[in-house]
Amino acid sequence: MLELKDLTVHYGVIAAVRGIDMKIEPNTIVTLIGSNGAGKTSTLNAIVNSVKKKGTVIFDGKDISKEPTHQIVQDGLALVPEGRRVFINLSVDENLRMGAFNNDENFERLRAEMYRLFPRLDGKKQQLAGTLSGGEQQMLAIARALMSEPKMLMLDEPSLGLAPKIVGEVFEIITELKKSITILLIEQNAFAALKIADYGYVLENGSIALEGESENLLGNDEVRKKYLGG
Amino acid sequence: GVVLPLTGPIAAFGQTSKGGLDIAYEQNHKLKNGDNVKLVVLDDRGDKVEAATAVKRLLNKNNATVILGEVASGNSMAMAPVAEKAKTPMITHASTNPRVTKGKKYVTRACFIDPFQGAVMAKYALDNGMKTAVVVTDAKQDYSVGLSKAFKKAFTAGGGKILKTVLINSGDKDFNAQVSTIKSQHPDIIAFTGYYPEAALMVKQARAMGIKTPFIGADGVGFPELVKIGGKAAEGFMYTDHFNEAAASSPEAKAYVEAFHKKYNKPADSMGALAADAYGMILSAMNQCIDEGKAPTDKECVNDKLRNTKGYKGVTGVINIDKDGNAVKSAVINEVKDGKFAYKTTVNP
Amino acid sequence: MDLTTFLQQLINGASLGSMYALIAIGYTMVYGVLRLINFAHGDIMMVGAFFTFMATAAGLPFTLAVLLGILGSVIVGVLTDKIAYKPLREAPKISLLITAIGISFFLENLFNVIFGGVPKAFSAPDYLTKIFHLGDVYLPITVIIIPIVTVAILSGVLWVLYRTKYGMAIRALAFDIPTVKLMGIDADRIITLVFALGSALAAVGGIFYAVSYPSIDPLMGVIVGLKAFAAAVLGGIGSVTGAVIGGFILGFTEIFVVALFPELGGYKDAFAFFFLILVLLFRPTGIMGEDLERSRF
Amino acid sequence: MKNAIIKMLLILLTLGIISWANQTLDSYTLSILNNIGIFAILALSYNLINGVTGQFSLEPNGFVAIGAYVTALFLIPAADKIDMFALVDPAPIVLEMQARFLPAIFAGGVAATLVALFLSFPVFRVRGDYLAIVTLGFGFIIRIFALNTPAYTNGAMGLNDIPANANFLWIGSLALFTLIVMLHIVYSKYGRAMKAVRDDEDAATAMGINTFKIKTVAFMTSAFFEGVGGGLLASFLTTITPDQFSFLLTFQLLIIIVLGGLGSMTGALVATVLVMGSMEWLRFLDEDMVLFGMHTGEHPGMRMVVFAILLIIMMLFARKGLFGDRELPEFIKAKLKRKDEV
Amino acid sequence: MSAALLEVRNVTMKFGGVTAIDNLSFKVPEGSTYGLIGPNGAGKTTIFNNITGNYIPTEGSIIFDGEDITGTRPNKVVAKGIARTFQNIRLFKSMSVLQNVLIGFHDQIHYNYFEAIFRLPRYHGYERRIKVEAMGILEEFGLAEYADNEATALSYGNQRKVEIARALATKPKLLLLDEPAAGMNPIETEDLSNIIRKIKEDYDLTVLLIEHDMKFVNAMCDTVTVLDYGEKIFEGRPADAIVDPKVVAAYLGDFTHA
């Protein structure tokens, strides 16, 4: 579904991502773990061309390395950015409408489906997104990304700052989504992420240190020591 | 050396001045000894700092013998001390504030000063039986403020009554509030002491509101744009000025007007005519120095001759310079008629 | 003040106010998407008036000239964005402000070099300069037309902003350009559209301004631009409705200061700003504005 | 200790150069240097409130005007005032104001400082673009007051024949003094607090900083030097009128400090030289030129067009100004370090 | 247990029609580590803001060290000995790590403006002293090597530490930490707990913290208060909170993942 070849990201003289290769099969959940500043967010941003990068990105058989961000999204690759980034001055409904900007004909149907998937949002359709609680904003961010009916969804730390109960709900939804689309997930909570993922990559200092089936990674001593804790 | 505001907020005046100056230069730039006069024109953006710097540049870089400029009195006053200090003659063609030449040995002007013009306005109004007036003052222009004061003084002294003074600001375009106020006063005459851009719009708005009272202004309104912008509303607008091409009787004036028409294909304005006269006075002073066997670049001599100009026949009439360096000359009164500046009368000092 | 004069002044206020309102709408719209005080807005307005002037001078019919004027402004506005603002989308806002001032200087001086600084007489067709007499009160037709146009434009802009997906995108852009792109939206195209629209509004304002006050010069946009900016801030910058309200308030204040205290006419502009400061003291974000820099702890 | 000695030597050397220049250079060159000196004082102090403290204020034209008028009134002899005030008689207090050069300049600074103190209450109630318009409005109001209170300012006629005491020795030394004071402020707890306010006001408060007080201190300091600069300007030009202090003056200063890098004092200094110099250097553009064998003809105003284009280009390439928010030595150090790493 | 250093007494906080805090009371004993947990939007950050003076409570009072500090302005609250960190990191972005920490000393530097401008002896004395002290704090956090780096170029975890170091520089008695472990992986979180324990010891601190990482809360806190819709639904030992049915229903859920 998605293939990265020799992806590199520089911020000025700082190298955040140093030539990584990845391959993600359709209808799987792949997780990318690593400590703070390892380059996870930079990788996702580079894939959608939100930051300057070098290297090749192939999505669904098409080279999207040079495409502008909005084109990539139109091609069917959606990103739920770090820190939710809902449009705080738009209502919940309007946020969803923005998600379906290029998907006018299916808007009504999808909106109904999102409210079914996230019943917590159902009662808050007209509320400004900025006044939602953190968890609700996170749900909205995911729903908004799904409104474009992407072939693949990338999530950047969806559990950041969320109460444990909501983290649980979000993970359940991600598992549910796997049935229909491909998912790339970044999580600090490596244990939970590996548990629902099929495959995992471990990023260290901008390079891939380790990769493999998630069960294998969960059993790996080094991963345990570095990312899962005692 | 010439310093003019060719850009910036008062660019229009600088640009018209330069128009007249160019004509005068083309007509004559040879001195009696065969030397060519060289003009160096610098723009000061209408800014004092730049005006003063420009004079120094002319003195140091171009070795200027004489400085010509500026239009606005404020800028001329920034230049005057520099010229004074360098003992270099300076002549301003259009700065009418009395203080420009005050106490200066090296500063002369080719135009009359505000008090004279204000008095002429008042006298003309009174002579025509107008007893009550509303004065319109542009609070932003020293020219207008000084002129208003002179007008009021002369008008009341002559038995007239000032009903009200309304203030405007140059750059404004909406004078409806002022016009409505004037309307409720029913004056015999409206003395407008500002410049033409505001005059044109104000008279237009006044006529639109049904005010038929005549306007009288001064040299600041005598620009073709008064008619172009004011249109029919400007009809009957009277003003005092230095010059009217219809009154141009001397051969010098006729030649200038002719050349002006040929080059620009429009009526000659007084700002340009004044610039031409200032230039002419410089030329004449230099020639007199040559006659005396001195170099035309002898600053002391040129200044001396400039300050003692007597009976110079210029485009704007006969110019005499008094002991303060101010030009003593006649003023004309014009009136807008059929879209032209019709000459009415000449008032002698 | 008698009733006639009062009514007349009321009309004068409405006339001036609607003019400010019209120009302030464009100002605030550009601010709304880019958070940029577009100091060149007044100059774009000047460009519109000049293009129309040139077209009429060339003998074209007025309607066509107006269209050309609007087109000219739109082209200049869009080019301005492409050349001077777009490369700075991610730069500090203040750098943008400087390029805006640069563009403003550039347009003013360019038109000064080309046309000279002498004001030009702008000629409008008779049907726009008609004046009605209601007893002793004089009512120029523009006083009727301009508010209607202003309200029509206001409703149009509000409709776009709040009823169409493009409007939602415009509002979202103000807060978060990168995330708008993540919705598959060509953000730059939308910004270009906003500039085009803002410039068109500036041109309409400029042309009406020139019709009402038929004297145009390269610096005509400076003071009006500043006043429109003040009006936009008074109403709460970024709020279109606020801009219109601010415009009218400013118009009425200016007229009535002069009308009630002719001796203080010289303080007219000071009053406008004084009033603005007073309002901001009690409502630090203007009448309709929201606190855009509000930070949650 | 070693640093202190080097600093002293540098200061003495600069003073030496200033006094040498004052004696030997021609009046045109000196005039440009004087302009640069005065604008350096204005830009440096404006940078304190706008760059270092991050308050987007647009008022310096107001403070410069206050300084210029107060200084001028102190310098002009009483007899001259009576003669000069053409519209109404000068107010009695105006006649009593008499001082020598340095006290007069100082008084201009103090007057501006007091006004700043008074203003800080309304100004710092609002933030960001709202602060911009409030301060812009203040500059406007000051100018309008200058126009409409002829008993104090002689209205639109302005003041002239101001004794010309300000030579390059004064202006240059005061510019140097301003630079040193500004740098000392920046590298003290006050400067740090100002930067903290700029970066994040709430976080600064959470560090125990009284942000209102810090902003006011910066504002008043800035106003003081704007006033001093205004006083020097008045004495240097010998004539002032209200229209000189329009917002164009503010814009010019804004351009300088942004170009130099907001918050960088040495950057402001370099940018002053660039901006003030280029207005003069670009003069050749107004004249007739021969390009590719063709005469371009005279285009008065061309230099301003080119200036605007240069300004835009410079902003496009140096987004954070010449030095970012660093001072020149830090900037050079960082550049060198960067070279090492690559 | 020793006396209460901080007491929140019947505090209610309303935003327009929304009641964010509803008649909340709790006491933080001196020397303890006290936890504040609850679902998103429960009002945890809001009560922090009430304590620090960023928001003035609609009703009720805040007692600190025996003194009623309700409505005291934020910078004055710092002077009284309360320092905080922010939920989303708020470092001074144009400054180096060291300078960020130096800001914390602001109130402890007693040279005046003129001494600064003319660099009189007191200026040098203070500047030298606080630089040494600041480096000391950075050392404690293992950040000394980054002293001259731009603060915002540091990794997320290190930025959090700089924020705590900066708060510590104000010499507080009470330290308020808003989600200090957010965005950290379990290993980094453990590293952070060790640091907090150590500074608590070294600087004689009382700590009040908000956190969603229950493992961290469990390991750190003596007592927790659980908020839901601005109301206290539980107060007690963390170990008891985890099994409390009300807390589980409102906050923890049945999905255990860590």
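When the chains are written out, they are named A, B, C, D and E in that same order, and each has its own residue count from 1.
To be clear about the criterion, contacts are C-beta pairs under 8 Å (C-beta built on N, C-alpha and C of every residue); 3 or more make two chains touch, one makes a residue touch a chain.
Keep in mind the model is a prediction, meaning the values are calculated, not measured.
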Greatest separation from chain E - chain, by CA centre: B
Result of counting contacting C-beta pairs for B-C and A-C, higher pair: B-C
Euclidean distance of C-alpha centroids - chain A vs chain D, Å: 51
Distance from chain D to chain C - Cα centre to Cα centre, in angstrom: 31
Where chain B and chain E are represented by their mean Cα positions, the distance between them in whole Å: 73
Distance between the centres, which are taken as Cα means, of chain E and chain D, whole angstrom: 42
Of all residues in chain C, the ones touching two or more other chains: 109, 112, 264, 266, 269, 297
Shared-contact residues (touching 2 or more other chains) in chain E: 54, 86-87
Residues of chain A touching at least two other chains: none
In the complex with chain D, residue positions of chain E that touch it: 52, 54, 73-75, 78-79, 83-84, 86, 90-95, 99, 102-107, 109, 111, 113, 116-119, 123, 126-127, 166-167, 170
Residues of chain C touching chain B in the complex: 1-2, 5, 8-9, 12, 15-16, 19, 109, 112, 116-122, 131, 133, 136, 138, 140, 209, 212-215, 217-220, 222-224, 254-259, 262-266, 268-269
Interface residues, chain C side, partner chain D - complex: 31, 37, 83-84, 87-88, 91-92, 94-95, 97-99, 101-103, 105-106, 109-110, 112-113, 226, 229-230, 233, 237, 264, 266-267, 269-270, 273-274, 276-277, 280-281, 284-286, 292-293, 295, 297
Residue ranges of chain D touching chain B (in the complex, touch as defined): 26-32, 35, 84, 86-87, 147-148, 150, 155-158, 160-161, 164, 233, 237-244, 279-280, 283, 286, 298, 300-301, 303-304
Residue ranges of chain C touching chain A (in the complex, touch as defined): 165, 168-169, 171-172, 174-176, 178-187, 290
